[in-house]
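Below, subunit A partners subunit B and then partners subunit C, in two separate complexes.
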Partner chain A sequence: MKSEAEVKQTLRDWIIKAAGGKISQEQLQNDTPIIEERIITSLQIMDLILQLEKITGKPLDVEQLKPGVFRNIDSIYENFCGENGDEN
Partner chain B sequence: MASIVELAKRLCEVSEKSYLNPYTYITWQESMPKEQWFMSPELISIYGTSEYDKLDLKQKQILSFYESVNFFSLNIHGEKSLVEGIAHRLYSKELKDLAPYLHHFLDEENKHMIYFGGFCQRYAGKVYRNRKLEIPREYAKGEEDFLFFARILIFEELVDFYNIRMSTDETLEAITRQINLVHHLEEARHLVFGRQIVEYLFEKYSPSWSEKVRRNIQEYLAAYIVTTWKEYYNPDVYTDAGLPEPYDLVESAWNTESCRAHRKKVSAKIIEFLKERNMILEEPVL
Partner chain C sequence: MKTKGEIDFENLQGLHWHKMGQSSFTGSLLELFKDLDQYFLRWAAKWKAQEYYFPPFLSAAQMQKLDYFKSFPHLITIPVVLDDAQDNLKAFSEKAVNPQGSILLTQLSDVRQVLTPAACYHFYDELEGSNLHQAKFVTTRCVCYRREKQYTPLQRQWAFSMREIVCLGGAEEVKTYLAEFEDLLQQFFQAQGLPVKFEYATDPFFNPASNPKYLMQKLDPVKKEMIYDGQLSIGSLNFHRSFFGETFSIKQNETPVNSACVAFGLERWMYMMVRERGIAPEAWTL
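This part shows the complex of A and B:
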């Protein structure tokens, strides 16, 4: 398992690529609301889920997701990779 | 609206005449040996990749079994949201005159899930999980209904290509072929209805939409085609078939030129339909 900083950097790189020029590395912070600000769309979440499964090595059940888990990099890390990761 | 109501009446007659009992249509066998084809090889998601070419016949057939379970599973997830959406709109002010046909629509989609679920649960012991997620948002007037029916149409047009091919592929296992056949026959009616309702809603509401709303819809539908295709590349399938590095395989298959050509070929009809009506502007990057 990668360190917290490495996982967040992997997520940041994925978001920058998926956003297709909507935001730069410098602009994207760990608390930037990526859905609310339409940096990524709901249709891209499927790819993000695959990315998270690859990082954590754990399957993710969409039907069990709590609202707001994809709000920003911090919440994604906390809900899927951090101490609460097994709850989702 | 009058022409759709007329069409819906005709479709109702056909649905009534060809009404099927889903509990007797298929004679389920107890077990399902996996050493046979369950999906036409050229429809297998990684067909044309170097990883596929390395597999022997037995491995290819086992993969075809899990690919078929995935195809049936993604149909279940697609039809679940379809049934929810149709049920929500049944007897709504906008669509009340179409209610008799919407009842058939619901009935037939429910039956399809019985076939798909029956196969998946009996022979694979599971339905593959869904990874698609829609986040609620605000819509312009008529936008939500239009997008709902447009999503169904895209989903069903792609699925139908597979159903047609597999319903006539005599090398396939018989129950698989039978499910694909019945799905195609009933979806053919849904597609005729779907094209009409999508056109009707777009013509009725799009003049009132701002340029921004219209542009968002065009981008959304193009992206929806891409996302729909991504469901066909499921790492869980590759894991079950015993293939190594399943997540990397998703990526390499997606980027293989012959797989891209396949997606473009299957999507050509629906893209043309949407483009001709300005529902999308540019072709999605498949």
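This part shows the complex of A and C:
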């Protein structure tokens, strides 16, 4: 099992690659709003979900998704990978 | 007097319900329709919104830019005309309608239009390629067409009237507009004693689970509906971010504008007024 820092770094790398130059490693903080600021588009959300399923090794039910869970790297970790991860 | 919920809307005085999903009305009901729209126009005037009249058709090519046909194929109504070749018209004229009332179409001309599914689309089409110097507020009322599985008088219709008040500008101006409008509506519903609550909602996408736009709306709600009595959406507040600004190249200071619309379904407001206040028109005054 990867550590919290490793998982967040994996997410950060994926987001920066998906954003295609919209944001740099230095600019993307754990609390940077990735949807609100349109760093990730609606088309990339599907890929992000697949990426999360890969990280957690669990399928993700899109109908159960709630507002705010993809707000930033911290909230993604908290909702899908942290102690409360199973709730979503 | 009948109590709330027992009103027979199909036989409401002054209303003619067409089972295909349309209402005609006259007399006090028509006055209610006009009064409600005047009320919406008074709200539009708070933002000095410029009023527009729009025709019923929208270009399919413009709607395609919005991915409309992928997202809402189940709602769309398409106007068609016959190919004007003499033999084609003759064949049609000889057997145009079957005994069940269905039109027996012959060869069609190219179909390039759709009937308006929501009033505000006309503005983005109208303002395409423009550069705004300041936030722009506009309003229109259109008959809108949305196919549904079943229809109910005033509540769910194929053809219905929608008043929209739209703001185009910078993100902060647009967000402020929506917040102020929501406050105004909250106060209005409270003052009038109308049981309307605001709830986050998503648009009625086709195959929602496989549509990234639906997913995005779930994760980052941009639509709030005005839900009457826990059962019927009578309007909505929608934040589009820069979606229309980018798609139609509408800019402010060379940056794609953000936009938001506040929409009211007039027949649904009529339903609410009659159901809440009873069938005596004197009680419909706002």
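Here, the second predicted complex is superposed on the first by the 88 of 88 C-alpha atoms of A that agree within 3 Å, B and C clash if a C-alpha of one lies under 4 Å from a C-alpha of the other, contacts with A are read in each partner's own complex, and residues count from 1 in each chain.
The rule is simple: contacts are C-beta pairs under 8 Å (C-beta built on N, C-alpha and C of every residue); 3 or more make two chains touch, one makes a residue touch a chain.
Please read these numbers as outputs of a predicted model, since none were measured by experiment.
Under the clash rule set out above, the superposition-derived model of subunit A with subunit B and subunit C contains a clash between the two partners. In the superposition on chain A, contact of A:E4 is made with neither subunit B nor subunit C.
When the two structures are aligned on the shared chain, A:S42 is found in touch with subunit B and with subunit C. Of the two partner chains placed around the shared chain by superposition, neither subunit B nor subunit C is touched by A:D13.
Legend: residue contacts after superposition of the two complexes on their common chain; A:V69 is shown touching subunit C, with no touch to subunit B. Contacts of A:K54 after superposition: subunit B is touched, whereas subunit C is not reached.
Only one of the stretches 145-153, 235-243 or 253-261 belonging to subunit B has C-alpha atoms clashing with subunit C in the superposition, and it is 145-153. Judged by the document's definition of touching, subunit A residues 35, 41-46, 49, 62-63, 65 lie at the interface with subunit B and also at the interface with subunit C.
Within the complex formed with subunit C, the subunit A residues making contact are 35-36, 38, 41-46, 49, 62-63, 65-70.
Listed in rising order, the residues of subunit A touching subunit B in the complex are 35, 41-47, 49-50, 53-54, 59-63, 65. Within the complex, the subunit C residues that touch subunit A are 200, 209, 212-213, 215-216, 218-221, 241-242. Within the complex formed with subunit A, the residues of subunit B that make contact are 129-135, 137, 220, 223-224, 226-227, 230-231, 235-236, 247, 250.
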